[in-house]
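To keep things simple, chains are lettered A, B, C, D, E, F and G as they appear, and every chain counts its residues starting from 1.
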Amino acid sequence: MVGPPSSIRSPSAADGEQTVRAARVDSAPGAGPAGGIPDSQLAGPFPVGDYAGALRAKLRSFARVQLVGELVNLRPSRARVYFELRDAGGALPCAAWRDDWERMVAGGGAPVEGMQVVVAGGCDFYPGSATSSPGFSFAVSELRIAGEGDLLARIDRLRKRLDAEGLCEPQRRLTLPLVPRTIGVVTGERGKARDDVLAALQRRGWAGRVVWAYAPVQDRHAAPAIVRALGDLAGLARVDVVIVARGGGSLADLLCFCDETLCRTVALLDVPVIASVGHHTDRTLLDDVAAVSCSTPTHAAEAAVGIDLRRARHDLAAGGGRLRDHATQAMRSRAELPVAAARLRENGRRALLTRARLLASLSRAPGEHVARQRARLHQQLREIRAASSRRLAGGRELSARHALVLARKADAALLDARERRPRELQRLALALAAHDPQRTLERGYAIVESPDGAPLASAREARAARELLLRFADASVAARVDER
Amino acid sequence: MTDEQRQPPGEALSYEQASARVEQIIRRLDSGEASLDETLALVKEGKSLIELCADELGAVGAALEELRLDELVSRLENEAST
Amino acid sequence: MTDEQRQPPGEALSYEQASARVEQIIRRLDSGEASLDETLALVKEGKSLIELCADELGAVGAALEELRLDELVSRLENEAST
Amino acid sequence: MTDEQRQPPGEALSYEQASARVEQIIRRLDSGEASLDETLALVKEGKSLIELCADELGAVGAALEELRLDELVSRLENEAST
Amino acid sequence: MTDEQRQPPGEALSYEQASARVEQIIRRLDSGEASLDETLALVKEGKSLIELCADELGAVGAALEELRLDELVSRLENEAST
Amino acid sequence: MTDEQRQPPGEALSYEQASARVEQIIRRLDSGEASLDETLALVKEGKSLIELCADELGAVGAALEELRLDELVSRLENEAST
Amino acid sequence: MTDEQRQPPGEALSYEQASARVEQIIRRLDSGEASLDETLALVKEGKSLIELCADELGAVGAALEELRLDELVSRLENEAST
């Protein structure tokens, strides 16, 4: 790519050594130590700024004209829009102020690269400065698209012819491998398209072989080189699929992909070709004959590798994992079998055990019934025995008490008979004795009695009795009444 | 003393009757109304009554002793305590 | 003591009758109204009644022993414990 | 005791009748109203009733022996605990 | 007990029928209403029923042991753990 | 259990049918309503069904192991991670 | 799964078909409705499909390799000339 500054710089770079030396000499008499070139017939050295300024004035003084040519290398910048006009005989760098450009293209639509345009304007020169490069350009003030129909009509005619020959079909009948082993890529060696393709292939996780077929993709020499590359890729490199890729370019660049030879070669190629050369608006003939047509190199790479291998592998691994999990899951019910068997076992045991326990208690029940009855009998017998013992003991106690009371009574009676009553008898005896005449006799008295013992209580009785007994205490004395 | 109280002769007097008769005799004698004759008779009667009573007492005492109630008591107490 | 309470002689007294008669005798003796003769008679009667009761008790006791209740009790105990 | 409760002699008493009669006897004895003779008679009757019951129980008990399920139960329990 | 509950003789009782009959017998015994003869008969019947049940239990126990569920469980556990 | 749930004899049960029947058997046993005979029959049936299930699972497990899914997965994971 | 989705046997499945069938198999397994036999069959089928897909994907090298056509051409020319 050639721009206005480099077109000026290029010649000076070729003999740069001289220029430097000249500058050093030229500067001597004026501003610095540099003097002129010895033995030179030329005037100067003049300060280059002066000369550049003079050159600009000179160029600007050229007549303003209209030029016609193919618009290529269109490069809008912030302030200006740069492009070139070319034809077979030569080329001229052009520039327009951005404002003017917007105005110029406002009516007839934006010109695209490869179009024939007519521009009006005049020569101009930017003298540069200590820090910026100078540059020549044809300052465009008016622009008109010319001859556009011719180009498109030519391409259209060719498309119809190819179609009529059935050349749009063969490539489409080819099957793209899902995952090609080898991919040939026809592209510019340093273009962005190459990087995009590589990045897209890597993103897909593709790990095959890329055969880079670098070729010019932007000029009229491109088509033959691409044809040769395609043949080599299919024949020698035995690629599975070919990508023809070009980044965004001018219509002129795209024109090479409308080359008849290229299109015929592609159409008859037995390797599928994926085209990614144009914009979605501009369809090249290559797009028509290729197996697949993509809008960007990235898409082309994705078309070449029909599947996101990274994701697909991941999905496969995940699917395998799910299968494995389900297999594991299916076998998990194995763990339930011993549980079920254990429950069977436990149920069997429980059925036996509960019944055996119940039966044991049932079997004990009659025995317990009998034992209860025995205990009751035992208790009853003990009660009877106790009652009879109580009765006997009570009776014996009562008898003993009776005997004791009776004995006491008998004792009392005995005491009575031996002591109280004898005392009483004694008293009576004493009282009786007090009246006993015997006691009087003992004091010296005597009782006069008749001989038969009858007491004589008076003298008369005594006289009458005549015979007397005088009873003294110790003895009686017989006496006779003697009344002399 | 009424005739009813008097014991028909030949019938044995009870101790109590004999004893009461003695009391009666003593009261008669104490009254001083009894003549010597009566006195002598009463004293004689009294004496024999007292003897009768003493004999009675002796006989009852002996009979009671003969019953040996103590033995019965201890036998029964022994039986009751066993 | 009424005639109804008195047992016609010659007929054996029951234990309870004898026992009741003893009680009656004791009450009579307690009253102090009994004469010496009666006292002796009562004591004699009481003694023989008590002996009768004791004999009766002894006979019943012997009869009960003959029943061998203890043996039956231990037999039941043994049977219950087996 | 009424005549209805008394069993006509010669007819076998059921265990329960015998048992009820024993209870009745015990109540009678406990009341303390029975005479000594009755007591002896009651005790004799009670004893023979109890013997009768015990014999009957002995017959039933003998039929029960030798059936030992405990062994089966403990074997099953051992198995269950292992 | 109604006639419906009684099993016709000669037909084999199931374990549950025999067991239920034993329960019935025991309720009857516990009620104390059975005469001694009936008690004896019930006890005999109960005993033979219990023996029948015990035999049945023994047979089922043996059959269950023959199934060797323990071995099955451990085998399955081994298989499950691998 | 209805007749529909019962498998006609002689037809091989699928694992799922056998497994479901085992569940049913265990529920029935758990209910405690099964008689002794039925219990034995159920346990027997359950055992043979569990064995059937174990055989089935064993066969499937062996077949699944033969598939060496682990190796496949690790190979795929390795490939995916590169 | 319908008949249209099924691949006639013997015809190679495309990656997409195989992949879709794997998805279908996993959905079926996820549903939990597949019997043990069906599970085994599904896992087998899934495994072979995944292997098929993996073969399809894995037919390239281990890493992306870059070659220049001009170098390749000259090498081939050299080889041809020797």
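Please note the rule applied: contacts are C-beta pairs under 8 Å (C-beta built on N, C-alpha and C of every residue); 3 or more make two chains touch, one makes a residue touch a chain.
No experiment lies behind these values; they were computed from the predicted model shown.
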| item | value |
| --- | --- |
| Which of D-E and A-G has more C-beta pairs touching across its chains | A-G |
| Closest chain to global C-alpha mean, per-chain Cα centroids | F |
| Centroid comparison with chain F (C-alpha atoms), farthest chain | B |
| Copies chain B and chain C touch via same or different residues, half shared test | different |
| Most widely separated chain from chain G, with each centre as the mean of CA atoms | B |
| Distance between the centres, which are taken as Cα means, of chain D and chain B, whole angstrom | 67 |
| Intercentroid distance (Cα basis), chain D paired with chain C, Å | 33 |
| Rounded Å distance between chain A and chain B, as computed from the means of their C-alpha atoms | 135 |
| Chain A-chain D separation of Cα centroids, rounded to whole Å | 80 |
| Residues within chain C bordering two or more other chains | 15, 36, 39-40, 43, 47, 50, 54, 56-57, 60, 64, 69, 72, 76, 79 |
| Residues of chain A engaged with two or more neighbouring chains | 207, 313, 316, 320, 323, 327, 330, 333-334, 337, 341, 344-345, 348-349, 351-352, 355-356, 359, 363, 366, 370, 374, 377, 381, 384-385, 388, 395-396, 399, 403, 406, 410, 413, 417, 421 |
| Listing of all chain pairs that touch each other, if any do | A-B, A-C, A-D, A-E, A-F, A-G, B-C, C-D, D-E, E-F, F-G |
| Chain A-touching residues of chain F, taken from the complex the two chains share | 19, 22-23, 25-26, 29-30, 32, 34, 36, 39-40, 42-43, 46-47, 50, 53-54, 57, 60-61, 64, 67, 69-70, 72-73, 76-77, 79-80, 82 |
| Residues of chain A touching chain D in the complex | 346, 349-350, 352-353, 356-357, 359-360, 363, 366-367, 370, 373-374, 376-377, 380-381, 383-385, 387-388, 391, 395 |
| Of chain B, residues touching chain C in the complex | 14-16, 56-57, 60, 63-64, 67, 69, 72, 75-76, 79 |
| Touching residues on chain F, where the partner in the complex is chain E | 35-37, 39-40, 43-44, 47, 50-51, 54, 58 |
| Touching residues (chain side chain A, partner chain C) in the complex | 371, 374-375, 377-378, 381-382, 384-385, 388, 392, 395-396, 398-399, 402-403, 405-406, 409-410, 413, 416-417, 421 |
